[in-house]
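Chains: A, B, C and D, in written order; residue numbering restarts at 1 for each.
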Amino acid sequence: MLLSADARGVYPIAPTPFLVDGAIDFASIDRLADFYVGIGANGLTVLGQLGEAPKLEPAESVAVVRRFIARAAALPVVMGVSAPGFASMRTLAHEAMAAGAAGVMIAPPNTLRSDDQIAGWYRQAVQAIGSDIPFVLQDYPLAFGVQMTPGLIRRIVQELPSCVMLKHEDWPGLEKIAALRGFEREGAMRRIAILCGNGGLFLDYELERGADGANTGYAFPEMLCDVVRLAAAGEREAAHDLFDAHLPLLRYEQQPGLGLAVRKYLLMRRGLLASEAQRAPAAALTSAARQEVEHLLARLARHDARARLGRAPVAA
Amino acid sequence: MLLSADARGVYPIAPTPFLVDGAIDFASIDRLADFYVGIGANGLTVLGQLGEAPKLEPAESVAVVRRFIARAAALPVVMGVSAPGFASMRTLAHEAMAAGAAGVMIAPPNTLRSDDQIAGWYRQAVQAIGSDIPFVLQDYPLAFGVQMTPGLIRRIVQELPSCVMLKHEDWPGLEKIAALRGFEREGAMRRIAILCGNGGLFLDYELERGADGANTGYAFPEMLCDVVRLAAAGEREAAHDLFDAHLPLLRYEQQPGLGLAVRKYLLMRRGLLASEAQRAPAAALTSAARQEVEHLLARLARHDARARLGRAPVAA
Amino acid sequence: MLLSADARGVYPIAPTPFLVDGAIDFASIDRLADFYVGIGANGLTVLGQLGEAPKLEPAESVAVVRRFIARAAALPVVMGVSAPGFASMRTLAHEAMAAGAAGVMIAPPNTLRSDDQIAGWYRQAVQAIGSDIPFVLQDYPLAFGVQMTPGLIRRIVQELPSCVMLKHEDWPGLEKIAALRGFEREGAMRRIAILCGNGGLFLDYELERGADGANTGYAFPEMLCDVVRLAAAGEREAAHDLFDAHLPLLRYEQQPGLGLAVRKYLLMRRGLLASEAQRAPAAALTSAARQEVEHLLARLARHDARARLGRAPVAA
Amino acid sequence: MLLSADARGVYPIAPTPFLVDGAIDFASIDRLADFYVGIGANGLTVLGQLGEAPKLEPAESVAVVRRFIARAAALPVVMGVSAPGFASMRTLAHEAMAAGAAGVMIAPPNTLRSDDQIAGWYRQAVQAIGSDIPFVLQDYPLAFGVQMTPGLIRRIVQELPSCVMLKHEDWPGLEKIAALRGFEREGAMRRIAILCGNGGLFLDYELERGADGANTGYAFPEMLCDVVRLAAAGEREAAHDLFDAHLPLLRYEQQPGLGLAVRKYLLMRRGLLASEAQRAPAAALTSAARQEVEHLLARLARHDARARLGRAPVAA
């Protein structure tokens, strides 16, 4: 089951669960995988930016992806293989595919500037991993400092047939989606899947502009699934109503450098993670931040029963 | 009327109105000033990041600030004087104060890195403009790439008595407010005003963490005033309810590089600006974006009657 | 006398002389202008990166360029007009041309990333100043963080006929010169003048790759003139011998952030500047640094009599 | 044999030799190791910035360091262990020490900005690898974009006893060496070794300012050894004469992004490397560049017989 340009829907970005002592928490991986399958996710991405990939040994990364794939057998699993050098990227990519992954996701190093540098780097990346492995192009200028115009994305897509999906998280980005879909309509670019990241902050309108779905780590991914479904069904206002109800929490989760802590806390509160532990370096939630998250949850619960999580732990 | 550390409430960031031919639109300045006074704003900031300051001749900048001050006589007016060199900064600051401004706002150049560089640069800026002009320290890493820790802000505040206000727009930033207020409680830092920018995206919790108000350009600043008032009155849930109702639009407005276009469009739709014109370089709203803004307005109007603006122009 | 693509030879970058109290030192401007004419310079650039332009009021900038032009009447004078906004750039450019400048030099703002952003920004800059003012494209990634490929430079040159010269200071940059000259040979780009900056650190081979001369602020510009002349006359080894004799000092002068202090000290030692004063912010030479410069001078004087400057001031 | 603050002299930075097919060239490692021992180097650094570390699999990195250690048994060997995450850094560091390395070198990630971020990151790095492994602090703002003031370096040195050496390659950097040695004299900082990188471009004066030697990859490291020895012996002018003779070539080698290609070419020409091959991504020398290097060699050979390398290969 290889990732293809026909992919659509919601591919949650999974965090990597750790026990309090820093060991990988495989039982929580299983719970997460079951959860994603249960809510109707269309796929799964592991070891992305959110997945603390640089804090894992290569062998651990492979163990994590294997476990997710084994448990979420019904879902295509994409593995982040961004690495400082092509040697590590190739090894990770080959191990991912050998483990049954559907494809890999590749983010650009933050030293790239000119269009030629970016296009050339992706060409070399594909040479390194092989042109038979489908890959997701990650376009996230806020995090990487690398800016890709629609024209440059088209160039990469046209030059590299194994590029099947764009993880769109430029900001602002609505016009970029429109421009790419315009290229496709004009026959100037083959169609690729466009799933949106950036915490989902603009998912409501991204779908209306032509995105195929979401590829992000919001702690209530069932909302993402619902919104994608409602939008596809033409229930525009219902989609926006649900999205807007979640927006205060989603916005809180979207703080750079803090988002992972919020998400792990929420997933722990939902019973999916045994612990909110991150490996170092990690930003921890203060007591005040936990209380804010609980407050946001309580307010959300008035609109969405899935946010009724029972009493917060005393520590919060 | 000089700006002091006792400032609080809402200081809207005013855009600079232009006519379609690029000339400064003084009539719209008057309407904006009347509007800000009318909604109970506590002050006003002109020619900030949002105000297209680098697109104005020095003489034009002075004319703009003079007009705002003349019309909004009841309000303290802060003028952005960030400039590539201290010579221009000094001239602008002196002309602002001569025109009756209450103080100036100074953003750091994006080349500063180490704590010593940043502290030294602000020391030189104060030497240039004079230590008798109250200034607002603008902390906006997302836009400037300059990162100030709470300890560095304390150092600047302690070294430079004319620093009376922080325009807080770090992201994430809630813990920074808490840290600064903690310094004050411990007696390690004198109290300064903290007004929040960043489009207002976290104003709800920033107020709860100790911020004194808002200093941002959201196109419905009366919401900011209401939220500050409700929060101060202890009506927490009411404050959040109102804030959340505006969040979808506020979030849309907060897109870097596009926000000004959205704001000018909205202020034109509200009858405050004669035109949404910007001087070059400018990002224009596409037809799709205008429709999205209209959609957001229509949805907001269900919660806040002030968003009922009548029919959109045909062009939208 | 307008700058054209036929320009060649040496255009020294002039520092802006100040008196100890910070006032502009017009007498030193006259001495500098006479000196540049006397050594056979082909032109002159004022208020570039080196010229402390952001520390001058607009009126001062115009006074400086006027004085240089009046005194160095025989030479085409280029004025740096880089500014944070197009309004200031237009005013400066028009005042420069009204004062008799031959053209202007424009550096990109350090926020530009993609090829389209850079090309678009230069298009807008030319719209702002007018397409009748010849301009120098400054390509200095080390200082500006803006990376232009040969293909992008070609695009700018082809789109904007008023671009007549490249101030080449990419690093490494030899292949870039070769690529541009290759485009010209193939008929893919019209010929432009290429003068080299970057302190002159690679001038020896830049000339061999096709550069037309130097456009930099080395404190012994007569060496630059000699090297250009020797290279043009086919005296390759003599050109390298002279260049190499100066390289230890030239290299010392090329330290970012310190170079201006070294240059002003040397020009003061040569009797051309009344003072080494800079306006703030400025990096001053320590006593140890002065002694190093004197040591380099003494060693250079064994090869080039022009470096025999008499006793150093006691302060050094 | 652990690295200590008493280290001095020359620690060449070794490139990683590859065969034309990209395999590691262990025979060339042996030749390089013999060469470094033979010229009187005091130590050796492998897999630094120059060593193409990110292009190696972890197992390959360990094999390379093992081979260098085995062959250069007389010399302390430092291994670069910079990695995107602490997991990889810890593994590499432990394997390096298990293989007999004398210490490790750690460069900061280019995302660090404030003093607290940098100090905190190094604290976590030491927690990850253990405080019993001596480490070299690499201060190279030009490459990493991370700026460390003397005060911050002192803070790191005082907080982390396992920091025994500074690889100094700030630019400008002479005053930084002086400031650190000043701290030591005042008793405000314990003494550490300071070896200089930055291609050796300022080694002549760095030694006079208090540096203990060189830690760079210039292709004639015997010159570095001679200059350090002459300077220590008080033969100042002789040291400068030799340094200046090499400066034109050293300067050519110091071009960012191209330096490794020049060095590998020169080491191949010297018979130490079987091939100049780099792994991708790599910048190759053009024919014109090779001819320039040959020209520089021929000119250097007039002053230093060690640069007489026989006829260049036809390909050059």
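Details
Heads up, the rule we're going with is that contacts are C-beta pairs under 8 Å (C-beta built on N, C-alpha and C of every residue); 3 or more make two chains touch, one makes a residue touch a chain.
None of the values given here were measured: they were computed from a predicted structure.
Common partners of subunit C and subunit D, by the touch rule above, are A, B. Chain centres here are means of the Cα atoms, and by that rule the chain farthest away from subunit B is D. As for how the two copies subunit A and subunit B face one another, over half of their interface residue numbers coincide. Taking each chain's centre as the mean of its C-alpha atoms, subunit B lies 39 Å from subunit C. Taking each chain's centre as the average of its CA atoms, subunit A and subunit B sit 33 Å apart. Taking the mean of the C-alpha atoms as each chain's centre, subunit A and subunit C sit 48 Å apart.
Along subunit B, no residue makes contact with two or more other chains. Against subunit C, the residues of subunit A that register as touching in their complex are 113-117, 146-149, 151-152.
For subunit D in complex with subunit A, the touching residues are 53-58, 60, 83-88, 91, 110-111, 120-121, 124, 127-128, 279-281. Touching subunit C in their complex are the following residues of subunit D: 171-172, 174-175, 178, 201-202, 204-205, 208-209, 237, 240, 243-244, 247-248, 251-252, 255-258, 286, 288-289, 292, 299.
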